[in-house]
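Submitted below is the structure of interest, expressed as structure tokens.
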Amino acid sequence: MPDIEIRNLTKVYDESGNKIVAVDDVDLTIEDGEFVTLVGPSGCGKTTTLRCVAGLNKPTSGTIKFGDRDVTHKPVQERNIALLFQDIALYPHMSVQENMAYGLKITGFSREERIARVEEAAELLQITDQLKKMPADLSGGQQQRVALGRSLVRDPEIFLFDEPMSDLDAKLKAELRPVIEKVTDEIGCPTLYVTHDQEEAMTMSDRVAVINDGKLAQVAPPKEVYDEPNSQFVSQFIGQPSTQFFDGNVRSVNGTAELAVSDYRFNLASDGLEGWAGEDVRVGLRPQYIQVSDDPAAGIPATHLLDEPLGDATHSFFDTEFGEVVVVTDPDFDGNGEEYSLIFREDDIQLYDATSGVRIA
Amino acid sequence: MPDIEIRNLTKVYDESGNKIVAVDDVDLTIEDGEFVTLVGPSGCGKTTTLRCVAGLNKPTSGTIKFGDRDVTHKPVQERNIALLFQDIALYPHMSVQENMAYGLKITGFSREERIARVEEAAELLQITDQLKKMPADLSGGQQQRVALGRSLVRDPEIFLFDEPMSDLDAKLKAELRPVIEKVTDEIGCPTLYVTHDQEEAMTMSDRVAVINDGKLAQVAPPKEVYDEPNSQFVSQFIGQPSTQFFDGNVRSVNGTAELAVSDYRFNLASDGLEGWAGEDVRVGLRPQYIQVSDDPAAGIPATHLLDEPLGDATHSFFDTEFGEVVVVTDPDFDGNGEEYSLIFREDDIQLYDATSGVRIA
Amino acid sequence: MASETGESIRPGRTYIPWDDLPVKRETVAGVGTILPVVVLYLLIAVLPIAFAFWASLHHIHTLNPEWQWAGLANYREVLNISTFWGSLWRGIIYMVGSTLLQLAVGLWMALVLNRITRGQKLLTAVVFTAYLIPTIIVSLVAMRVFDPAGGVFQMMGAEWFGLWGGREAPLGSRDWAMRLLILIGTWKFAVFVTIFTLAQLRAIPDRFYEAAKVCGANRWQMFRDITLPRLMGIVLVVVLLRSVFMFNKFDIIWQLTEGGPGNATTTLPVLAYKTVYTDQAYGLANAISVVMFLFLLASAIVYFKIFNPSEEVETTT
Amino acid sequence: MSQSEPPGGIFGLSYDGEMRVTEALKLVSTAIIVIVGAWPIYWMTQLAFTQYGTVESSVTVFPTPDIFTFDNFTVLTQPEMYTYMFNTVVVAIGTIVTVVLVSLLAGYGLARLEFPQKENFARILLIGYLFSPIVIGIPLYQIWQNIGLLGTRTGLIIALSAISMPFAVWLMWKYIMTIPAAHEEAAWVDGASRWRGFRDVVVPQCRPAIIAAALFAFALAWNDFTFAQILLPQTDTTTFAPGILRAMGQAQFLPDAYLMAISLAMTLPPLLFAYFMQSYLLKGFQVRAL
Amino acid sequence: LGGGGGSDDEVHFITDYYNGAWESLWGDLESQFEDETDFQMNIEEGGMSGTQEGRLAQLIQAGNPPDANTSTFDQVADIWSTDQLEPVNDVVSAIEEVNGELNAGGAFLGEGDEIYQIPHGVYVSNFQYRADVYEELGLDEPETFSDVLENAQAIDEAGGPFEDMRGYGLAGAPTGKSQDELLVLLASAGISGIGLRWKDPDAREELEIHWPEDTVTQVLEYIKQLSQYSPDPTSIGWADSLSQWVQGQYGQCYHLNAWPVGVTAQAAEGQDSQEAKEGLRHVARSTEIIAYPMLDGVDPSENWLSAPAPDGYHIFSNGGNTEGAKEWFEWVYADSMEQTASFYEADPGRFLPTYSDVIESDPFRNQALFQEHEHLLEKLEYVQDEIWGNHYGSVDEANTSSPESLYMQRQWFYGEMVNRVVTDSMGVQEAYEWGYSQLEEAFADAQEQFA
């Protein structure tokens, strides 16, 4: 099976005169068998990118290749892709069986073969006993399984997903995630998965492509995106609760760079910060890496506001001189509105350019 | 403001002859100012309970009191409640301002007072600049804020929510949760909040009422529900990923109870197990409390299947002789499909009656 | 895989490479889809109307194939004949009276049908049937029930309410003919309003009412603040359609009263018809039709300007 | 929005009282609808079973055994009567089929394809309804003669279809817009051509709109008098409405009771149509704006 | 199926001689004719009043007139006056050889020697009443309008078996019958119905308006009175009056020939149940026909009825197949007396044969319906001999037969006047004045057209 090569993809919508650049010069290669997730906030151009790959939209410029076949100008019917939509798009007037067999029927498979293939797929997806039902009688999760099955039976060369689970609730999502992984693994074709849910992106992908305002911000494996975000945007977008940001300033003290946040000073071990002396920076800290001390003087003083116990952890909200800060505390933590201080390791500090948001350290 | 007292509430639907017991003898008191969440799987009767409290459905039997006013047979209009729906129910033909003022208008407030109150509420909800817009021009989160505002301005005696956030995505949910908590706190009236999302239930409530198949399973503060579930159902429903269950058997060895799971033996410190000797039980373990050891012989042998990295933790799937098991591992864990063993502390084991699902230890 | 198993993937017969085509092709296809409609429209509307315009500029005796050029003489005559203004006035009364009554009755029936629980389907079907049965049958039944010989409505009107004499024919009465035409028309056509509004009513989610109830709204307030605004869009459309249809209505009037008694129910279409077949003045009749058309067109434009039924409030459901 | 009213039910009733009042109003209204709406149909039915002499001399509410008869229905056995009815059925079916096909196609084009002026197109179509059909009989006759369809049922079908068209297209256009484009796209992804996607995915989902358009076309065709009169002059091809008028003019003995029997026969098909199709129909009519 | 306009090789013939019996008769003749000749027939049913004009208008305006139609002459006067009709003298002569001489009683069938109609039958106007009712109520045969009114009142108010019977069936729909009835009533009042008379009765060159106010208003007043005893007049035209007569809805009426009798007799024989059959036979037998009574104080000899209206076939000169049409009628009528007689059988009592030998011929007299209803023949003979013979043409100058009077015949305001009076839309005086102004206008048009 081929890989997907997206080169300089740009898509401009012309909405009654004013141009909207939905996708801006995107370059992305998805290897055969690779699972790449396109993640980003609403309206950033994820769907548009995917629809260009699918052939449902025509790129304004750029090329799309499947292997060495240039499909930029090929109609969707000739691309042999599978595509799963957010609004599940099962045909409401066909039974599950018919829905799944439709693509095969179009392609001209015989009745027996259609049935055989559908049953095989149904088994894999554990929906064998739903085959006779109509889509309206299924739950959201089951519907999405059927949609998956519909794509599956056709042995597509490319698998595309557009937020297939955004209408499902958390439990169902967690249940369906392994199923999707299993299916794409089985077919072994390149997969482009669009979502705005960073958790989905993190858990499922080989690589995550974070997109912001039509441009790719970072493309890397999940752990790298989480641990080494290359911009403030990525850091904030990936990880739950979000990275907390503060305004700071880099100073050069005795040749080493020192970070000043309000009255606090931090020594930064990292190299390459010399050039930033005197510059304003944004300081990022993941809530997971902040500790809470009972001694209000041990670090930054913080007044406890609210706890959100999750069972295996608690999200605690504190009021500090830098505004509201979220900290991930342990399950038994009960702040009770008292005074604490927040402590963190200097290693865990991320620094970003205050204006461009680019990672400094 | 009054508290809510639900006594022996039962609601039977008569759907063309066959009776569906949607709510079965529910007893629940919500103190003034208390935030109680009704949580349970789809179709368990949450909405029905709430609608009975609201007066939109007539209970089959039982009473509902607000303070010492019996409202069981009072029409909705006389109950002075606020109610937020899942499907947001803003009037599409009225502007945000008009939507929020509608209740006041009905109640007979003057124009000036309406505007004043709406503005006050809008400020609290940070939607002041949306007031002139139409609902269709707002995002889901903003719409839900408006709906909240509409309830808020009326100073209700009782606040009811029916899955107000289930159509929103995770980020928006996390953002809106504190807003709801703030608002209900401010009004200080008893609040009944229905959700099927255990995370919402855990994070927002003073007490969680877990309901299953029309019956209350457990009513307790969130931590207690998480740490001390009184039944297999509650344990499984609360917490993410779900508690893992295995079949086991209690034996009496030398006067102390011993738990046998397949060929493994565990000594249980807990008292009161004597009576269970020889009985089959269900053994529950939270994925958070399972450790993974590199040494395949150190505990239960497990083949690594799949990792779902979340950034601050990883959900790892293992194949064991008891089937697939999920374990929460640390962020850097990378199983790579190799052989491991799973270890856990005997203290963390939960035991349930194999037939009734009632907690034993 | 499919190709590996030897199964060739047969593409569907004709892929039209839509996205490959220059934009023009979509235009061509789009226009292609409406072409049949255009052709039909040409046959039934454009050509005959153009013909009518042309004919209205001639003196034409209906039974004489020779036309004489008349210029605008027919139009001058139309505006000068006394029956024209009377008929226009009666036509407006008939149109406005019928439309308003149909709207009120249709809306009311929709509200009731939407609420009743038992026998809803049957009653709805019966009510809908009124719209579906041929006008001629409505006329036959109406003539029968208003017939002084054994007509039940005639009998009720005469004996129970004293509206007319026992042997009087209400359809032949100056006082009653127009009113009865409006009533009978309403019986048949109010259902048109009902169908549309009932469809809209079914589409209003309960939760809107529940939200209003929670706010303490009573039924009138709910109707005013939720039902009515939601129906407004379609009501505007239906009023437009019904007005046009009623203004042009000919068959039921002709069948029931032939424009009589005297001229009491002669509306413009009836006048045009009489002008063709009784006066044998085909050119003049066409001039009347053209004037009617212009009148309706002007009214419709004003209506669009004031109410704009094409711009509907965006709704989230 | 400026005036404010006191809380409470209408007319100062309590909410419960208000509910009882509206329930009562509902019952009364239902009764009126039954009486006014269904009653003429009942009346027609009962007269159809009453001896003709009785019908025209006195008011009878129910055909008691002494005046009950089936004889009125013998009028339906007259050959031209069932020719008329047969023709009407053929024309109605033909019209429905044509209208549905053509409006589906046009509705699809308007909803899914881009071409200039398409919004205005549908509105311009409605202008056709503004012209009174009374005087266009002569041009119609000529046009139909020229295209060789005069006196054929096909000709009438085409005329009636054309008349239904603006409305049907509008309905279909608005309805197709409510079907998610994703359904069709899914079909294309599956390899279906545009036509195939239309046929397999869009058309089946249009069922309510199809039924609504069919109803409208049916009402027109079943009702039509003017066009049949002009375009089908021959007795053996003409339809019910002109036929029955012809029969009334010609037959020198056609009592009202016979007419009621004929009317009843012509009322049954619409009644069945309305009974079985109403749920689709109401869905199909859920369009909102012009 | 024949196209409405008919193709070129077809003979397109529109006729209102069309009921069940006619239909099968036409069908037989059509196929025979087509077998024997090269012509194809296209026989179309024309509506009774109004619709046939509509059809003709369509066909003529489309440049495709039919080849022939049936109607009275005044209904095609406009067509004739624009030279669209073909003279048919030769056809009529051929028919006369078989059926005897044409007897149209001096009605206008064309100017000069040319005749433009192949007559089929004439309509003699008369008064009909139910003799059984008269007998039961002890009424006398009316001689004057007042008698009619008195009888009408008596019948109307009678109870018992005549509870539901009305006194008089008055045509008030503004169509043919009300017009005809008014013209006959006016004639029975001793004046010209259409409102025209010769300026110089001897020269017969120029017509003038003569519609004396007192007489016309008296007649209108009579009509107004009658309407009280009539079922809804606006619903009564030719067709309904027949149906209502059969059902015994009123006891007296104005009608033509023995048409109601014939229809009732035919309906009776078509009934299945013996009881219904007897009932209708009784109605048929009890229907008496007499000349229409006179306005009080006017002598029958002053009756202005001039000639009964002949009804028949007209051939269009610009039709596609004029020759074929002529041949058809010749073939149909000049074949044999049997064939001719069968036409009158199809529509019993409606027509008086226009050809002199017919009524005396055996085929005519042996009609099946006459077996049971011998009185029908008698009544027809009475109409021909007595009413036509004695009541028509009493006043010589009443014969205003001319294109202008023909033009007036087909004006619609006469019927409209009746309608306005019976519906109380206008007072008698008002209606007269309105009618008079219409008359003046129409006469002016007529003079212009035929000057």
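Should a chain be cited, it is by its letter among A, B, C, D and E, assigned in written order, with residues numbered from 1 in that chain.
The criterion applied here is as follows: a contact is a pair of C-beta atoms (placed from the backbone, for glycine too) under 8 Å apart; a residue touches a chain by one contact, two chains touch by 3 or more.
Composition by chain, UniProt nomenclature: A, B = ABC-type D-xylose/L-arabinose transporter; C = Sugar ABC transporter permease; D = Carbohydrate ABC transporter permease.
Only a predicted model underlies this, so the values are computations on that prediction, with no experimental measurement involved.
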{"item": "Chain centroid nearest the full-protein CA centroid", "value": "D"}
{"item": "Pair sharing more residue contacts (C-beta pairs) when C-D is set against B-D", "value": "C-D"}
{"item": "Whole-Å gap between the CA centroids of chain A and chain E", "value": "93"}
{"item": "Centroid distance [mean C-alpha coordinates] between chain C and chain B, Å", "value": "55"}
{"item": "Between chain E and chain C, distance of the C-alpha-averaged centres to the nearest whole Å", "value": "40"}
{"item": "Touching two or more other chains - residues of chain C", "value": "9, 11-12, 15-16, 18, 143, 147, 149, 216, 218, 221, 276, 282, 315"}
{"item": "Interface hub residues of chain B, defined as touching at least two other chains", "value": "75-78, 106-107"}
{"item": "Where chain D touches two or more other chains, by residue", "value": "5, 7, 15, 19, 56-58, 138, 142, 191-193, 196, 245"}
{"item": "Chain A - residues contacting chain B, complex", "value": "42, 139, 166, 169-170, 174, 177-178, 181, 196-197, 199, 202-204, 222-223, 226-227, 238-241, 286, 288, 306, 308-312, 315, 317, 328, 331-332"}
{"item": "Of chain D, residues touching chain E in the complex", "value": "52-53, 56-58, 71, 74, 78, 80, 137-138, 141-142, 145, 148, 150-152, 229-237, 245-246, 248-255"}
{"item": "Chain B residues touching chain C - in the complex, by the definition given at the top", "value": "54, 56, 75-78, 80-83, 85, 87-94, 102-103, 106-107, 134-136, 143, 150-151, 154"}
{"item": "Complex interface listing, chain D residues touching chain B", "value": "1-2, 4-7, 15-16, 19"}
{"item": "Touching residues on chain E, where the partner in the complex is chain C", "value": "50, 53-54, 56-57, 60-61, 63, 65, 78-79, 82, 84, 164, 166, 172-175, 228, 231-235, 249, 412, 419-420, 422-426"}
